[in-house]
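Look at the two complexes coming up: subunit A is in both, with subunit B in one and subunit C in the other.
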Partner chain A sequence: MRFGIVVNEGPYTHQASDSAYRFAVAALEKGHEIFRVFFYHDGVNNGTRYTVPPQDDRNLQKLWSELAEKHGLDLVVCIAAAQRRGILDANEAKRQGKDGDNIAPGFRISGLGQLIEAGIQADRLVTFGD
Partner chain B sequence: MGTLHTINKSPFERNSFATCLAHASAGDVILMIEDGVVGARKGSSFAPALAAKLASCAIYALGPDLAARGMKPEDVLEGVKLVDYAGFVDLTTEKARVCAWL
Partner chain C sequence: MSDENRKKFLYINRKAPYGTIYALESLEVVLIGAAFEQDVSLAFIDDGVYQLMANQDTAAVGMKNFSKTYRALGDYEVRKLYVEKESLAERGLTAENLMPIVYEDEDDDYAEKPSLIFVDRAEMAALIRSQDVILSF
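Take a look at the complex of A and B:
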């Protein structure tokens, strides 16, 4: 089956990103496909590579990036939510006149249309948030 | 096929759990995750409402989230079944859609 996953909450807030990650891993282990993971609202904060949690804590950004690399996942960060929270890729940094970008490996910035498409293309859309 | 309802907040924190119980149709499935698993506790003031819903809906709690909150399987209301993340995935495939009560 083909899944879309929505993450509406940042890392280390409650548990949404952890739950979504563990759900994604379990789905992939069962042979399901993940069409896209869409990070919305504070969920965009999962996608900054400047995340530096203590060494004995889980690094959710790194976990997502590694999962994306291993399974070719499409991790999409909502552009409007990202701009409000200072999540930028190189193009956006240039366009906004900022001095650097911080998007994490495996993540890309795009629009809400990507969420709509995930809702259409996926057999199940599973949402995690606050 | 019905709907899988996921509920991630304790019924003692928000009223979303009560709203979920009011909305879930017969044959739907309810899965408690994250702080939602607190609602599974046997003997709580919320337990009668959950027990009543068991007559029309299958109700599950996510085992790892129960354990993370110091709850043991014997603390859980009778009739509530436990699943792991693989079981969570299976529940999403068995129902036609997933409704997250955030």
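Take a look at the complex of A and C:
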């Protein structure tokens, strides 16, 4: 089956991103395809490489980045939600006159059309978080 | 786009308009999604019915009043806004408390027709079951 995944909460405050990650790992292990993971609302906060959780805790951003690299996952952060919350790639930082970017490896910033396309292309669109 | 390539998208709105960002960011998805020519419906359940209240005034909370956007949805071919009757009644509201939201029917000499469809909880459940893609906000 081809899944689309939506993550609507940031890391740590809610379990949503952990659950989405575990779902993605399990789906891939079972041989399913993941068309795209779309990060919306506070979910965009999963895509900053500046998080520094305690060393004895999981690092969700790194887990997502490693999973993306291993399986070629498409991790998309919503641009409108990201701009509100200070998540920028190099192009956006330049365009907005900001002095740095923070997008994590394996993530890319794009529009809400990517969410609609995931709904159209996936057999099931699974949402994590409110 | 032919009907067999269209999916039924339902956007479920469950939260009041200004206490959280979900209502605003839901509308942003609906507006972008309109360009994809899918079969789009919106549902308003629980506190989500407050999103449709007439005469919204956000001056005191210092937030952008985006309620006019709902009235523009008809221009985006978004014409089916389902409102749960029980959610209204539980909050002491009636249809008269809501904004008049209409669309122009091009098959009927562009007559203005109501976009709000009032359904009971069982009908809402059936509507949800009939969808291909559900985004809940």
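Keep in mind that, in the parts below, the second predicted complex is superposed on the first by the 129 of 130 C-alpha atoms of A that agree within 3 Å, B and C clash if a C-alpha of one lies under 4 Å from a C-alpha of the other, contacts with A are read in each partner's own complex, and residues count from 1 in each chain.
In this text, a contact is a pair of C-beta atoms (placed from the backbone, for glycine too) under 8 Å apart; a residue touches a chain by one contact, two chains touch by 3 or more.
Bear in mind that the values here come from a model prediction, so they are computed numbers and not experimental data.
Student: So, does A:Arg22 touch the first partner subunit B, the second partner subunit C, both, or neither?
Tutor: In the superposition, A:Arg22 contacts subunit B only.
Student: Touch check for A:His41: first (subunit B), second (subunit C), both, or neither?
Tutor: The second partner, subunit C, only.
Student: Is A:Gly72 touching the first partner subunit B, the second partner subunit C, both, or neither of them?
Tutor: Neither partner.
Student: With both complexes overlaid on chain A, does A:His14 touch subunit B (first), subunit C (second), both or neither?
Tutor: So A:His14 only meets subunit B here.
Student: If you stack the two complexes on chain A, which partner ends up touching A:Phe128: first (subunit B), second (subunit C), both, or neither?
Tutor: first
Student: Is the number of subunit A residues in contact higher for subunit B or for subunit C?
Tutor: Of subunit B and subunit C, B contacts more residues of subunit A.
Student: Just checking: does A:Met1 make contact with subunit B only, subunit C only, both, or neither of them? Give me first, second, both or neither.
Tutor: In the superposition, A:Met1 touches subunit B alone.
Student: In the overlaid three-chain picture, which partner chain does A:Lys30 touch, first (subunit B) or second (subunit C), both, or neither?
Tutor: Only subunit B is touched by A:Lys30; subunit C is not.
Student: So in the superposed three-chain picture, is A:Gly97 touching just subunit B, just subunit C, both, or none of them (first/second/both/neither)?
Tutor: neither
Student: Contact-wise, after the overlay, does A:Ala81 reach subunit B, subunit C, both or neither (first, second, both, neither)?
Tutor: Only subunit C is touched by A:Ala81; subunit B is not.
Student: Once the two structures are fitted together, what part of subunit A is touched by subunit B and by subunit C alike?
Tutor: Of subunit A, residues 125, 127, 130 contact subunit B in one complex and subunit C in the other.
Student: Along subunit C, where are the residues that touch subunit A in the complex?
Tutor: Residue positions touching the partner: 7, 9, 21-22, 25, 28-29, 32-33, 35-36, 38, 132-137.
Student: How about subunit A: which of its residues touch subunit C in the complex?
Tutor: Against subunit C, the touching part of subunit A is residues 6, 40-41, 80-81, 84, 111-113, 115-117, 119-120, 125, 127, 130.
Student: Within their complex, state which residues of subunit B touch subunit A.
Tutor: The touching residues are 6, 8, 33-35, 64-65, 84-86, 88-90, 92-93, 97-98, 100, 102.
Student: Spell out the residues on subunit A that touch subunit B in their complex, using ranges where they run on.
Tutor: Where subunit A meets subunit B, its residues are 1, 3, 8, 14-16, 19, 22-23, 25-27, 29-30, 32, 123-130.
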